[in-house]
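Paired with chain B in one complex and with chain C in the other, chain A is shared by the two complexes that follow.
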Partner chain A sequence: MNAILTIAGNTISEALRRKVLNAFLLGGVAVLALTFMFGQFTARQELTLIRGMGLGIITLAGIFITVILSINLIPTEIERRTIYTILAKPVNRWEFLIGKWLGAIATIGVNIVLMGVVLIIAVALKQIGAENPSNPLELLKGILMIFLQMVLLCSVAVFFSVFLTPLVNFFLTLSLFIIGNMSSFTQDLAKTGSNILVKGFFTVVHYLVPNFGNFQFTNPLVNPAVEVKSELLFLTQNCIYGLVYSAVLLILAVLIFDRREV
Partner chain B sequence: MPAAIDIKNLYKQYPVPLKREAVNAVDNLTIKIEEGEIFGFLGANGAGKTTTIKILLGLIYPTQGEASVLGKPAGDIETKHKIAYLPESPYFYEHMTAAEVVTFYAQLFGLKREDAKKRAEELVDFVGLGSKSDRNKRISEFSKGMRQRVGIAQSLINNPTLLFYDEPTSGLDAIARRDIRDLMLQLKEQGKTMFLSSHQLEDVEKVCHRVSVIHKGKLRTIGLVDELLAGERVDITVSGATPSFNERLKTLAPEANVLGGAGTFNVKDDAGLVAQIIDTARAENTRIISIIPKRRTLEDLFVNIVGGRLTDEGSIEGAPDVNRVSANKYKELN
Partner chain C sequence: MSLSGSKTNLLRGLLVPLILLVVFLQAQIDPLRRQPAIEPPQANKVIGGLKGATLPFEYMLGAVSGFRQVIAGLLWVRSDSFFHSGNYDAILPMIRLITWLDPNWLDPYATGAWHITYNFTDTDQRSDRRYLPAGVALLNEGIQSNPDIFDMYKEKGWLYYDKIKDYNESAKALEAGMQHKPDINQVGHLLANAYIRAGKVDEAEKQFADNIRLHKANLADPKANDDTKMRSGSGLKNQEGQLDKLAFRKKWRAVNVNPPIDADLKFQVRRIKPKVIEITGSWNMIGSKGFDKDKGIIVEGPVDGARLDIRLQDEGYQMPQVADFNFELDPSVMIMQDSVSVRGGKKVLKGGLYAQTKGRATFNDLAADKVGVYGFNEQDSAGLGVPLDQALAGKAQISPFGMNQLATVAYPLPYNSTAVFHPEAEVPALFNRLKNDPGKIAELTKKGFCIAVKDSQVEGTFKKEIDMSKDPKMYGFAKDKYELILSFNPRYTSDFVKDRLGWNGEGLSDKRYLDTTTIPGARILRVKIPITKDDLLGNGEKVIMDSK
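Coming up: the complex of A and B.
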């Protein structure tokens, strides 16, 4: 456990030094600040826009931070040869991989939390003096869902990073994220495909590609008319889904990485 | 007691892209190294030295054959508590200081942060990076020699029984090379076992008990340094050589020649012949100043085995490339 935490800690400190990540974080925070520019709308519309755009911006910045960080986690260590001295120490390959993953998750978490805090403060400020203000902390549910989505996305990227180049991994992970967000579409094609091959293909895609769309919680937070029957059940189910899917991907990554020559 | 390193019929092949062929990076290698030995693993760049070390550390896997380290299969995690590795041109996290790098690696051995920091401070001092200015520098500001010192510091965290040093003095200036060599001599005095891969023949000659030469993946020779370097000639220096001594010397050793009354000549290292020369000198009133067996250098040995001179960069100059020339041409050249 000590080795995992040491590697995770080092991954965090290294990632936080990478300017590209800071650029996304700062960009995200700056765009959130721009949401104050909707003065021409009514107070209610403005709040809806800030909430919706805010969560959207956090998701977008989160995707880029996650993908750029995760696709390079293992290949950079091999390319820089820093992995030699680490694996020559009493560190199992699985400990190294989990440590890197954990470090990446923590970095992504810190970034999302920072952007989330800015959004919550922005919403709270906008509601000062408003009639029937909503609780800005409600947004935490949406931020949690975005974080879980990024945990899953990070696991996908780390899985591919043990056997693909960062460039191929970048496009493949992003493609899977997009496909995974269109789960209802792939499900429809799996049912209504023109022939058995198309049906089979989309059935496989639908069940194999992680359902990133599951984590969408923006609508209930933005639109009061949309209600989720049991929020707790919804959040718990998605937590379990994200963590189990991530665990499976990490186990597969460890199995491949264990036989890989470095 | 098991050998520190036991390699049996080890092969490592890499496929050639777009061809149904494979290149033998390590070709039927068998070596046994006992505890307490400083073993020199000599070879030019691409000879298979680093590949062998990587197999022994479990970083890559052999195509065929067996390798064990301290009695356990290569790559065993428990064994890694007792071994150390200094890679060729070691790379560390550039944003860290030397002490931070060593602390990081110390924590990988399970040391608590405070203990790891303390150990790091000791080792940074030991390798000569303890000055205030060096302590505050980041690895990105370090010279190659300083990085190598950090590499040595991280290799000593666990007080290892067995050390794998891959080209520890390669690319260093004369002073840094001497310092690193002195550090290795200190480790030798402490009774450590060391697997020293190098193409710096002078260092190997000074530090190692036993050496082997590997070329194109194959083991070409192995033996004690003194045995391998024992020469076949003896230098005899005389003074007051009389003309009759010179005459008799010509019959004993036609190639020997003493011009004037004093000088040094070189004869075959044959106990009988040397005794005859001593007797002749006595009889002819010629004074023998010294009789010194001539030692070969590792450079000579290498040239004899590989057929070319090893350059400072680790490439071979003047050796025929067996992969490029035909078998007949190679025979001719040799």
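Coming up: the complex of A and C.
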């Protein structure tokens, strides 16, 4: 366990040293600040825009941070040959992989939390003196969902990174993210497909491709008047889904990485 | 170090139950995720788009990748900039896409419907009423997507109230809004007024009472915030005042509508040049000049301001009910709607006070106007009476009503007085005071005040030129037959007119144009004039219709 935490710690330090991540973080915060540029709208419209844009910006920044960080986790170590030094020590390959993954998750989490805090403060400030203000802490639900989405995305990228080059991994991971967000369509196609083969194909796609769309919880946060049925159950199921799917991907990654010649 | 064989097998063995768990969880999540509050089904419509409203690929990709709200927000900001630059047409497809992308966002429906129904106008600021069905459809969509929120019902109620003037439909929408935790100031107050304009006075009374009860409940609610309490406090005051007014109006309008007045509507419709018509005419519009809550109408006479609606449309046009919001217009449909107000009606009875305008267009004296003193120009007043100083010197008989008028004009009541005249007992003393005040007599005579030696009444007139030649997009003249409808509905006229004509036109009559069938329960003035395309487009002047 110590080995995992040490590798995770090193991964965080290294990631935070990489200016590209800081640039994304600063960019995200700057764009959040831009949400104060909607002063020409009524207070209600302005809040809707800030909430919607804010969560969208966090997601977008989260995607880039996650993908760029995760696809390079293993290949960079191999390229720099630092992996040989690490694996020569009493460190299991799976510990190395999980440590890298944990480090990446922590880095992503820090970034998302920082941006989330800025958004919550922005919304709280905008609501001062407003009629029927909503609780800005409700946004934490959306921020949690974004984080879990990024955990899953990181797991996908780490899984591919053990056997693909970073460039291929980048496109494949992003493609899977887009397909996974379109799971409503795959579900509909699975139901309404023209023949059994089409139905079967989309059923498999729907249930086996990571459904990033599950984590889209922006609508009730942007429009607080809508009522979500079984909200707690939905959020809990999504948390479990994200973690279990990540576990599957990490096990597969460990099994492949274990056999890989490094 | 690599994994041992047993650990590898354990991990492999774990994969199967975990994948099954993933599939199971996905099956559990699907129905919850697909609920409209989380994933509105309309959002997927952006993929198909609509003629004239299709998202660029990158926007569509963003929309389906979990950035619906961002895309909707960007489009909304863009449409706002189009609005400020006056590029109104560009906004419509954006509203279509935004309401698909984020069907729970209420503002695009409300602002969009307002924009569609109010902002597309011709050169003379007449709204393009072909958009009304689209505006209603957009709000219906808003209601369908947000059935438990009062806002959309309120917007629909307001559109029917203010623009379409169908008060039954307005009330229906607002009644539905009242079921969903409404803002009483917005929904309840408007509903009471919609009832009044729909001729449902008893329902209005009940609604005012309900509003008062709800405001009081809000004020007594310990959980209500300061803003709610402040709004409820002002709302309560307003509704108590409204209920009080309704009570005495109910009482006096039942009496004051008799005998019904003869509106005696006369008009002429003339083509001035191609696509330009002029409507002129007169009518006898009587209203309350002075009203006392304890006595009803004290002074009645011709009033300015009642409006005659003018509508030119394709023959037999009825506003269609549109199921889906679509901003595409049928260019072959033509509707022009405007109104004209009647002005210049005047009346004086023998022995009463009037004023000679002496070349001025109007006579402006608030105190005199309130007691039924009209200004007559030289032409109308020839031989009508004698100047006040001469009348007081004995050249004309002043009636008791004239004495009341004179006493109040000479010695006006305090500004905040609700009385119309001085108390009857004080009038002889005030009259004598005036007779012994040569300075005041000279001042009033100089202002043009005279005493009538005979009765005289001049009907109010109206005149409106309607130019449809500058806006070919709105007025395409594609059809061969049109109808021009002139109408006056007492239900939505001013209260000083309704005080005489009643809630539903009970005090209104006209030998030729009284219509008691078009709006059930209401007595309105209405005339439908068939017009051909040639009548409107022909060269030169032509009298299309002359009611005389």
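In the analysis below, the second predicted complex is superposed on the first by the 257 of 262 C-alpha atoms of A that agree within 3 Å, B and C clash if a C-alpha of one lies under 4 Å from a C-alpha of the other, contacts with A are read in each partner's own complex, and residues count from 1 in each chain.
One rule holds for everything that comes next: a contact is a pair of C-beta atoms (placed from the backbone, for glycine too) under 8 Å apart; a residue touches a chain by one contact, two chains touch by 3 or more.
Nothing here was measured: the structure is a model prediction, and the numbers come from that model.
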item: Clash or fit (per the criteria above) of chain B with chain C on chain A; value: fit
item: More chain A residues in contact - chain B or chain C; value: C
item: Touching partner for A:R81 - first (chain B), second (chain C), both, neither; value: first
item: Touched partner set for A:I256, first chain B, second chain C, both or neither; value: neither
item: Which of chain B and chain C A:V228 touches, first, second, both or neither; value: second
item: Touching partner for A:E14 - first (chain B), second (chain C), both, neither; value: first
item: First (chain B), second (chain C), both or neither touched by A:V91; value: both
item: Angle, in degrees and to the nearest 10, that opens at chain A between the C-alpha centres of chain B and chain C; value: 160
item: Which superposed partner A:L125 touches (first chain B, second chain C, both, neither); value: neither
item: Chain B versus chain C as contact partner of A:V198, first or second or both or neither; value: neither
item: After superposition on chain A, the shortest CA separation from chain B to chain C (Å); value: 5
item: Common ground on chain A, meaning residues reached by chain C in one complex and by chain B in the other; value: 87, 90-92
item: In the complex, chain A residues that touch chain B; value: 2-3, 6-7, 10, 13-14, 17, 80-82, 84-92, 259, 261-262
item: Chain A to chain C touching residues, read off their complex; value: 38, 40-42, 44-45, 48-49, 51-53, 55-57, 59-60, 87, 90-94, 131-132, 177-178, 181-182, 184-185, 187, 206-208, 211-220, 222-223, 225-230, 233-234, 237-238, 240-241, 244-245, 247-248, 251-252, 254-255, 258
item: Of all residues in chain C, those that touch chain A in their complex; value: 1-3, 8, 11-12, 14-15, 18-19, 21-23, 25-30, 32-40, 44, 61, 64-70, 72-73, 76-77, 80, 102, 104-107, 146, 148-149, 225, 227-228
item: Partner chain A, residues of chain B touching it in the complex; value: 54, 57-61, 77-78, 80-81, 83-85, 87, 89-93, 95, 104-105, 107-110, 151, 154, 164
